[in-house]
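Following this line, the structures themselves.
Next, two complexes with subunit A in common: one pairs it with subunit B, the other with subunit C.
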Partner chain A sequence: MRYFARKVAFFLATLWAVVTLNFLIPRLQPGDPAEIMVKRLAGKDSQLDPAQVQAMRAMLGTPDGSLWSQYTGYLGELAHGNFGLSYTYYPFPVTEVIGQAIWWTVVLVVVTQVLSFAVGTVLGAYAAWRRNTRFDSVVTLGSTFLGTLQPFWIALLLIYLLGYTLGWFPTSGGYEAATPGFNGPFIQEAVSHSFLPALALLVVTPIGWVLGMRNTMIMNLGEDYIRLARAKGLPDRRIALGYAARNALLPSVTGFALALGGVLGGAILVETAFDYPGLGRLMGEAVENKDYPLLQTLMLLTTAGVLLANLVADLMYGVLDPRARRAQS
Partner chain B sequence: MLTRTMSMAATGLVAALALTACAGSADSGSGGAAGKGMVAQLTFPAEVTGAAGGLGDFNPYATQPLTRFWVYEPLIIKNGLSCEETPWLATKADWTDDQTLAITIRDGVKWSDGQPFTAKDVAFTFNLGKQYAGLDKAGVWNDTFGAPAESVTAEGNVVTMKFSGNAAAKYDEIIKQPMLPEHVYSKVGDPTKYVDKKPVGTGPYELGSYNGRRLVLDRRPDYWQADKVKVQKIVQEGQYDASQAALKLRSGELDAYWGEIPNPEKTFVSADPKVNHFWFAPNGMTVLTGNLKQKPFDDPKFREAVSYAMDKEAMSTKATYGIMKPASQTGLKLPSMQKLLPDSVANSDTVIPFDVAKANQMLDAAGYRKGADGKRTNPDGSPLAVNFSVQAGFIDYQAIADVIAKGLNSVGVQTKVTASAPDSVDQQKKTGEYTAMLEYLHGGCELARNIGAKLSSKQFPTEKEVRSNVGRFSDPQVDATVAALEKATDQAEQKTEVGKLVDVMMTQFPVTPLIYAPTRILYRTDKAVGWPSEQDPYANPSDDRLLVLTRLSSAK
Partner chain C sequence: MTTATSPDALLEVDGLSVRYEPKRNPSLTAVSDVSFSIRPGEFVGLIGESGSGKTTLGTALLRLLDRPARISEGSVRLDGTDITALSEDELRPLRWRDVSTVFQSSMNALNPVIRVEAQFRDVIEEHSGLRGDAVTERVRELFDMVMIDHRFIRAFPHELSGGMKQRVNLALALALEPKVVLLDEPTTGLDVVVQHSILENIRRLQREKGFAVLFISHDIGTVLDLSDRILVMYAGRIVEENDAASLLRDPMHPYTKGLLGSYSDPRAETVRITYVPGRLPDLTKDVTGCPFVARCPERISLCESVTPAFAPLAGGDVACHVARVQRGGEVDGLAAADVGEPTRRFAGPEFVKTAAESTEALTRPALLSVDSVGKTYERRRGLKVERTVAVDDVSFELRRGEVTALVGQSGSGKTTLARLITGVDKPSTGRIVFHGPDGEQEVAGFRGRALRGYRKHVQMVFQDPYSSLNPAKRIGQALERPLVNHHGLSGRALRDRVRELLETVALTPTERFVDRYPHELSGGQRQRVVIARALAAEPEIVIADEPISSLDVSIRAEILELLGSLVREHDMGILYITHDLLSARMLSDEVLVLNDGRVVERGPTLDVIRSPRDEYTRRLLDAVPNPFG
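This part shows the complex of A and B:
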């Protein structure tokens, strides 16, 4: 029980640190949101019109007061679940803006992550079982090569090849003429629009799992208990899956939880390339516009996601592996 | 260079032919009747980002209205290039004295819900800005550029704005403001926070549908100048970067695009020179601004000398593929502002040529001696080094900065370029801690706000605000000139004051104009013709889209 209590306490402390950093970091950077908004509306080559900046500042209500009073105010608002109005999408509340975007990313990312985790671990396990065969070298070398490519670059390649040259898939947006909601035409459009972004992510994301799984599995295959299992004459399949792979999976579980939480980073560029209406794009935009309320909420959401995933992984680890529980209690 | 000019000429010829064709078809299809001479649909990029689909807001004063052009209309449209006015919702706006602006409102204009548009709507819109400073984008009620307003009242079809002093410099912004319907916006509480889902505008289009991504706008048959609107439907969707936009334009999925596409001749026009056109019109200029509070840029002789060490042709080629031409040292965009030039320079070439020998000679004469290592020192013997700040990621600026550094180094002025994030460069503008940088000088019609503000000591950047006079040029006489220009309401007076500023630019080199910066449009003529072009510059292609729309007609 102490193990779990410790983990929860650690989670809360980190959350506080994150919330505080989240407040500080945007404010330490140069740039005035009102000026940036006006400049953005007018274009890069434009003189800032002081009257417009003044109006924008009045509208957005630029923070004033000491840093400390801003901080306490911020904590109070957070506690009430009040995240403020977005600057970029003024006068929409941040929660509404995020609410629009989140499902796109959640579906895209969860599907690709689960798929790449499954594909990656299976490939890695099989490569380890058949190590030093041709299959192994193709998978290992291939992954190492693909791992050096950027999802963004792959995205551009896919847009050009599958989108423009062959014209098989739409290259921008999340949907077209259909009304969003649970209806046939919309789902069809959404799926066909998410195909290329998903593919761009799927080329790269399994690689970590392939290599990680292969390495731990090979280590496990050298252990005494495997030799024992072989000596007992257990079938290969059972040794591979039930003994070696199961134990090799443990580090990947933590990794998977972390990857799910921290995936937004990789999604920013891919979503931008495909004009995909998800959180990644939103975040890129929030950074560009110094949209503090939106940026803070997004960062809070992602960091809280990572922390929560971490906590779940820690707790699960305690269940999966009795040694972890015992060692720390 | 020659081939480019020739192909530009060819483009122009095609455009001219297309225009004659358009004139022909306009005759047959006039009268506003649907069908003949009409364009079924044009597709433009979305004006708002697609990241948050479904957040539809037409409130023209929000940060991201779905459209800034087609629903709510301004009082008067002033062509940002030629500075000619086209009366719109107002038939005229005159200063009855230098503190009172009388705006006469057009009769017979109807809101899209059928209610008449009146002078009371106009007064209502401006008075909202008094209550909610966030709506006061023209600065009517505060003292930025001219005195604040005291009252805005409507009587009959005339709106009278009374200011507490001279407010002539506010005029151009006042006529631009989108007019709101009083019968809708008076009932919505704080209008800055109002989400306008069902817009009621005076404009040529009304909301057809919006699904969070694709905005469909339908032509209003009861629009007050419906006979001039030949496009039945406007669809706006998607936000594209340069390469995506070029692909969409080539395939015809977009009919026009206003963003930056590098080398449009090659990426767009060459795919189909008969249909694909672009026009990048000079709208301002990129200028070199030195820190005039520090050595060496505090010395006008130094500023003049190094102006000859800048290869503007090379900048034009490297930063804009030769499209944007070297800029005039007068600080005015030429030729569209030719008529404002004072006689002293009217007939001479005001673009400073690239002349290394002359730069060397002037630097020698000014006491910047060359050492044994070929590097010059300040007249007092201290080392001379220029650290050039440039905005990282502004590719054109970086190309220009490299050319400048090369030129300065070649005349013995040791120069290096430091790229940093645009926000940091803005920060340097605020603190004044820099040696030299590139920035923008807008060539708009309100000269007091542009070239004037660049030279006025009242426009020094503050710790909190970037203002125009980044170099911190300061001269009481120039301040007086700018003040007079702000107040000037007639053209002869304006010309005299502008002439004085031009003289300052030509003799003291407070900033060095390099190349013109564009306002852009790229368009296809397979569906609609009548777009603005170099031969027919009737509108600022990006800002005056309403004006452009009323000139479009079917290509068939």
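This part shows the complex of A and C:
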């Protein structure tokens, strides 16, 4: 129990540190967003009008007062879920903008990642079990080859082949005419629109799991407990699953949780290629438009996601590997 | 082949050969034409040095060989069924029910992520009708048999100590009351006392339950203690077979004599142990003549050309021309006059230690004085400070030309003392004084340059010669490093000194060793290189921390002899750390027995061995296998 309590405490402490850094970094950066915006509106060479800057500050809600009072105010606003207004989608609050995009990404990413992990691990485990057979060579060589390709390049290929040439799937956007919500036509459109992005991700993402699982499991197959399991006359299936794969899975599980947290980054290019209305595209827009509140919130969301994934990985590892529980408590 | 046809055999091995055929390396025959049998309830020992093929043989008997190894010839009959001809599916029901095993150093034989109980449950449910509580009940019985508390049934493997794991493995092997249990070095790497109690346990259970055992080991002492009959293996062949008593009384093959020579009665005034020099022949090449010929002190010219047949002689079986003719057998082209009388002794290199030598050594001037030294480690846990007393009030003197042994189990404070003496840690109480070239100096007072200077005088030799040499560096390079660092040698002077060092540790002719890599040397030769490296700094004191415990018993004397000659010829002092009283007797003049950080016994080694006063010392002594006692 101590192990789990420690892990949760560590998570909370890191989360606090992340929030604080997220607060500090923009304030330590040179330049004033209001000035930059006014400059951009007014043109490069014109004089800055202090009144305009002041007005811009008021509009953006740029804070004043001491750093400490700003900080407490910031924490208070965070606690109330108030992340400010987006510049790009002014005057919509950031939370609303993100709220619309997040489900697209979460569903796309979670589905493809879970599928990749399952497919990759099973393929890798089977390749290891039948190592040095034709199956193993095909899987290993195939993975290594596919691993050199980039998801966005595959995305372009898919758009060309399945989208334009064959016309089986829509190539951009998230849906067409249906009203967003939980209704048949919308879900159908959403699924057909997310098919190509998902496929683009699915070609590449399982590869890490295939190779990782295969290599760890081959190492595990050399362990004494596998030899003993064979000497015990247990059925192959039991040795492969309960002994070899069960142990080989441990590093993959940590990797998987981490991949879920960090996947936003990888989805940006694919989302952009398909003009998919998710967080990746949103992040691209935020960078392009210097939309500080949106960008900051996305950053916070991503880091919190990674941290949360880390916590889940640690907790799962504790459940799966009894040695970890003792070693650290 | 007396045994291959015996009608009541339980396990019958006939003409078994195992070949390794790797794709990239030359193939070799690891086991060639091995035949023997085991009767129900018989305890058979299989001995041979590392690399002799005994583990490969064991693995073949279990049909667990992995590619590139395979059974190339012969049969293994279990209760009349040839298991080499069975498919994996036909074999599975026989596994564990008929033949079970405890692996070599099976620290890793239990699945680390599954509770111990589940690892009993899966095999019991697979092969018997027991289910549910009946299985738990059976596991309890088994834990009682190996004397482990029931609360560990629900434990994970990492929660067990090394000795407990091995007992659990033994219990697991007996779960289905098999007919044969194969024990492959089941206690190697464990503490002597633990080792002793596990072996007793095995022997007692074997008598009670009546299963047959094939016990594989490199340690002829333990094998003789336990076995009814013994097989001696060399270079993949069985070279001698006999019942234990006859083998001890009249060993026929010179290799057997060599193995026996590594034991001697530690209580005797003069102790001599021998060792088998050199290493196994290269099995990737065809062996002409006797495979042991290069290392054999009794060889004659016939041995170089004609491979001796393994055939019955004087109640046993042996593959040796000389032994055969000596005992009235017939060998083509050899007359009784060509060979001498049969001997029991191995006429190879030996190491002798007399009581007189020790008495003399103990009068020499002191080199290092350890004066009521104590060390307490403090560890902060939250607000509490935990204190561990690692060493408590230890005093002794190390003299020039003398060896002091620190004997004790793991955790008795031996290593902490070594750390204090090398100046890595400072004692909490008491003082350690070095009587060096610059007069008396307290070790705890050394800082910076002075500490580095002191370390030149005190060198360590570690336990494992396999991991203390960089595998990517040639022997010469490994020895050059300390010479450059400590003495700033270069060019010709450096090369000459490397050659001298190799000569000191008897790796001659030196040009054959300078450009070798560590993996090309035997374990004993590697440990010689490690010692040569320690000598490079020209130390006054060598701390040898279990320098022989990872070596085969049959070559341990080789290293002991080297250390002994260094003390005599180079006027240095050796602090010999060990858990083995026999080797302490061989090497040391004075012994300190440590238990829980305290000295429980101290005195001239022979006195302590002959009349131990402390209970703990007696337990350590009992744990030394003594086939002659």
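Here, the second predicted complex is superposed on the first by the 274 of 329 C-alpha atoms of A that agree within 3 Å, B and C clash if a C-alpha of one lies under 4 Å from a C-alpha of the other, contacts with A are read in each partner's own complex, and residues count from 1 in each chain.
In the analysis below, a contact is a pair of C-beta atoms (placed from the backbone, for glycine too) under 8 Å apart; a residue touches a chain by one contact, two chains touch by 3 or more.
Because the structure is a prediction, the values reported are computed rather than measured.
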{"item": "Partner chain in contact with A:T303 - subunit B first, subunit C second, else both or neither", "value": "neither"}
{"item": "Touching partner for A:S116 - first (subunit B), second (subunit C), both, neither", "value": "neither"}
{"item": "Which of subunit B and subunit C A:S143 touches, first, second, both or neither", "value": "neither"}
{"item": "Which of subunit B and subunit C A:G174 touches, first, second, both or neither", "value": "first"}
{"item": "First (subunit B), second (subunit C), both or neither touched by A:T205", "value": "neither"}
{"item": "Residue contacts on subunit A - larger count, subunit B or subunit C", "value": "B"}
{"item": "Residues of subunit A that touch subunit B when the two form their complex", "value": "29-32, 35-37, 41, 43-56, 58-60, 85, 87-92, 96-97, 100-101, 159, 164, 171-180, 275, 277-278, 281-282, 284-285, 290"}
{"item": "Subunit A-touching residues of subunit B, taken from the complex the two chains share", "value": "49-55, 57, 59, 61-64, 129, 132-139, 142, 144-145, 170, 173, 192-195, 211-214, 237-240, 244, 247, 251, 260, 283-284, 286, 394, 423-424, 426-427, 440-442, 444, 449-450, 453, 464-468, 517-518, 542"}
{"item": "Subunit A to subunit C touching residues, read off their complex", "value": "132, 223-225, 227-235, 238, 242-243, 246-247, 250, 320-323, 326"}
{"item": "Sites on subunit C touched by subunit A in the complex", "value": "62, 64, 67, 91-97, 100-101, 103, 106-114, 122-123, 126-127, 156, 158-159"}
